[in-house]
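Two complexes, one shared chain (chain A), two partners (chain B, chain C).
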Partner chain A sequence: MLTLIQVELYKIFRRPHTYIAFAAITALIVVIQTGLKLDGEAYADFIMQTIKQSFEFEGQLLNGYLVCYVLLQLLLVHVPLLISLIAADMISGEANLGTIRFLLTKPVSRPGFTLAKFIAASVYTIMLLLWIAFLALVVSVWIFGTDDLFIVKSNYAVQLSENDVLWRYAGAFCFAMLSMLTVTALGFFLSHFASNTIGPIVATMSVIVFFTILSTMSIPIFQKIQPYLFTIHMVNWKEFFDQQVDADNVAIAGSLQNPKKIIKSALVLIFHIAGFVGASVWVFRKKDILS
Partner chain B sequence: MSILKVEGLTKEFGGIKAVNNLSFAVEPGSVCGFLGQNGAGKSTTIRMLLTLIRPTSGSVEIFGENLFTHRSSILKNIGAVIEKPDVYPYLSGYDNLRLFARLSGIKPANSMIMDKLELVGLSGRAHDKVSIYSQGMKQRLGLAIALIHDPQLIILDEPTNGLDPQGIADIRNLIVYLSRDRNKTILVSSHLLSEVEQMATHVLIIDKGRKLVDGPSASLFDPSETVVEIEAVNTDFARSKLLTSPFAGNLMGDRGNFIILKIHRDNIPLLHRHLVQQGVELIRLQPRHSLEDYFLQVTNDKTDAYTYTG
Partner chain C sequence: MKPFLIFLMLFACLLPGHAQDVKTLLNKVRARIDRVNDYVAEGQMKTDVVFIKAPLGKVKVYFKKPNRFKLKKDGGISVLPKGGVSVNMSTIVNTTDVTAISAGETTISGSKLKVIKLLPLIDDSDIVLSTLYIDADKHLVRKAVTTTKENGTYEVELTYGQYAEYGLPDKVVFSFNTKEYKIPKGITLEFEDGDNPTDREKLKNKKGRVELTYSRYSINQGLSDTFFK
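Presenting the complex of A and B:
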């Protein structure tokens, strides 16, 4: 099994198109960071526009933590496309190349082969997120410095103390990893049904877009199924940036407003990952290799 | 004991039987030429032997064990090339070979990889990316991959596809070398019947998924059963001379303008001399014993499957 995983990782990281996602992420983050560095005050004023009559903020509003939060909000919506480039190509790409014939004439079990491929795709996903974390958090902190994180939500604002932020980012990135692994598992599952690369990538994105639209529509019949859509749970990394208040409406440092919601969403995502991977193993075990 | 034993193998696709109750065996050290027209079921059979396709029914024993219950241990001793050997274009030939060797359960030393590339004539291009290889070079690399773990049974589906005449001869020589000098058992399907004829010790012919012929090549090409076609300027005169000759008993009949005889291959020069001495003006005297003739004969005149022995 270890050999299979090593071989799969070797193949992923020797493929030129693996690095498209890393290059795209780097370019996006650098452009946004440059823009904020050059004209960040105007952006900060825009954020504060709705609440500047009620609040007076002392310190550096546009700091590395805020930049990281902005970057995550922008990027995590689009990262599934970059992930599906690899995940949805894992089986269909081999079928397209014709290499699947050679691979399966080797003494490897089909379930082992499927799991090794999923693990390798997951490693890629995790590495991509770690790269995002490095650029969005470490580099932003280096460029913009640190201060309290001030987030304006739809009908309230949250101020998180500088000392209370890093663990939240750690939690948010871990949760985002779970979200992106769900996308990886979905793309991987769909890759079993095609012998071209484009089909499963488009199918993966279509499912995510379709579910996201259903998640946001306030039609009662859709609201009944919304709790079961994994897309609604994928965005709950943001819950790490909400905190509880005490009886005097004072924020409790180091608290989460709704930890149960985070745990529930994480469990739903884990259930989806297990479901997609289990289905992949089942489908591939019975699959005739005709390509 | 047979290296490979197939019993009642059947595969249906949507109610159509691509392979129909196929049974055959391959003996140790033999080269079995697996023949059939396009769509006969050769590739489906080979894919079932390699567990790429699940059979609808039937059993396959390799090295005396059931293929479907001892898949991994059996595949460790099989090397295969299925149709065109597709490999990873972004890796070099060397890296592809090392990768597939690891999947075969071995960690090959550099010298082992280079030896196999040398065997197939690719050592000079070992570190070039496969994306710039010709089809023939990919075919050779595929063979190296099939051989890297020193398997006992080698299954090759059209191994000479895309090769030039020299490449075809090289592969043929390699197959003969592996069989004779390394005692490998080889099942090889090919459209190049003349090539199969030169290397196969056994022949298996199928059509529409059913076995037509299965047995040693030596019996197929029995020299005492050589069919000879004679075309002469005056066919009636030639026939009359043959009827009064020692070859009268060998006459089988006419086919169009040809007179057909069945004689021992060694007697063909005598026949030729006799006819010339009798004043027969020969246009052609053609022994017909090639695998191609035999193949066309059995696939165009299909009767129940039969097995012949030498």
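Presenting the complex of A and C:
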């Protein structure tokens, strides 16, 4: 099994288009960081304009933690599209090249083969996420320094103490990993139904875009189905950046406003991953290999 | 008609004396405060605003005569109501360029207090009216209500302890009106969150409070101007 995974990883990282996602993310993060470094105060004033009508701020509002939060808000919506480039190519790419039949002549079980491919795609996803974490958090902290994380939400604002932030990012990245693995599993599942690479990639992107649009629309009939869409659970990494207050309205350090929501969403995503991977194994076992 | 004229004459005779009492009381309060040339105070700040979830923060407050004041959070970001917290004892008890009018007496928390209204004589002053509630026996301001042109009305309640001889409070509570808080989701990038009408109502027209509880003052130790930059 380990050899299979190593072979699949070798194949993934030998392809030039694997690095498109890394290059795109690097370019995007560097451009945003440069923009914020040059004119970040204007951006901070813009997002704080309502609250600054009544309050004065003392401290470094635009710090590395806030920049990382802004980057994650922007990126984690679009990264699924980059992940699908690889995940949706895992089986269909082999079918396109006509190498599946050749691969299956080796003494490897079909479930083992499928799982090895999924694990390899997952390693790619996790490496991409670690790269985002490095650029968005480590580099931003290095460039912008640290201070409290002051997050402006549409209905309220949350101030997280500087020493209460890092564990939240660790939790958020772990949760984001589940979100991205769900996309990986979906793309991987769809890659079983085509013998060209474009179809499953476009299908995965379409599902994500379609579900995301349904998740964001506040139309009552859509709101009824929203809890069943995995895309609405994917964005709950933000719950790590909300905290409870006591009876005196003082924020409780180290608390989470809605831990049950995080657990529920994590379970929904794990269920989706297991479902897509299980379905992939079942489909591939029954698949008539003709290419 | 005759009794009315007698009453009017008596009132006219008493009025300067009354104004003199107010001025004397204010000067006594001011004299106590003027003993302080500068101070550094350490304490804790609690922000209680319905739409801000903020932790308790350690703060340092710097003051230097005549009215230089700076509040710095000991690490972290401090969120302060505009115009409110930066008001210090020296600006609350401003005896120059104001007209002081006695507004009777009242009792707050069992203490009998003199009520004095201060009207600024300068046209471009941001303060429209200040009402001071003064403990006439101890020469301490217990409460001040200030109405400003730009930042609405705020209340300052002061509790004294071991630094009362300098007119410096152990605890200061600022109360102020907050404006309705609502930021478009396009700015906050929260496309996925639903809007709860019940929560929205909670955020409307609530009073905010900032409590500063001082644990220690270092008075008249000499303070560099660099702290106020």
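The definition used in the following text is that the second predicted complex is superposed on the first by the 291 of 291 C-alpha atoms of A that agree within 3 Å, B and C clash if a C-alpha of one lies under 4 Å from a C-alpha of the other, contacts with A are read in each partner's own complex, and residues count from 1 in each chain.
Basically, a contact is a pair of C-beta atoms (placed from the backbone, for glycine too) under 8 Å apart; a residue touches a chain by one contact, two chains touch by 3 or more.
A quick note: this is a predicted structure, and the numbers were derived from the prediction, not measured.
Once the two complexes are overlaid on the shared chain, A:243 sits against chain C while remaining clear of chain B.
When the shared chain is aligned, chain B comes close enough to touch A:108, but chain C does not.
Looking at the shared chain after the overlay, A:97 reaches chain B, while chain C stays out of its contact range. When the shared chain is aligned, no partner comes close enough to touch A:37: not chain B, not chain C. Within the superposed three-chain model, A:78 lies out of touch with both chain B and chain C [touch as defined at top].
Residue by residue along chain A, chain B and chain C are tallied for touches, and C comes out ahead. Of the two partner chains placed around the shared chain by superposition, chain B is the only one that A:10 touches, whereas chain C remains out of contact.
Of the two partner chains placed by the overlay, only chain B lies in contact with A:289; chain C stays clear of it. For chain A in complex with chain B, the touching residues are 3-4, 6-7, 10-11, 14-16, 97-99, 101-109, 286, 288-290.
Residue ranges on chain B touching chain A, taken from their complex, read 47, 50-54, 71-76, 78, 80, 82-91, 95, 99-100, 102-105, 142, 145.
Put simply, chain A touches chain C in their complex at residues 46-47, 50-51, 53-61, 70, 73-74, 147-148, 150, 152-162, 164, 215-216, 218, 223, 232, 235, 238, 242-243, 245, 248-251, 253. Touching chain A in their complex are the following residues of chain C: 46, 48-56, 71-73, 75-82, 86, 176, 178-179, 181-185, 187-196, 199-200, 203, 208.
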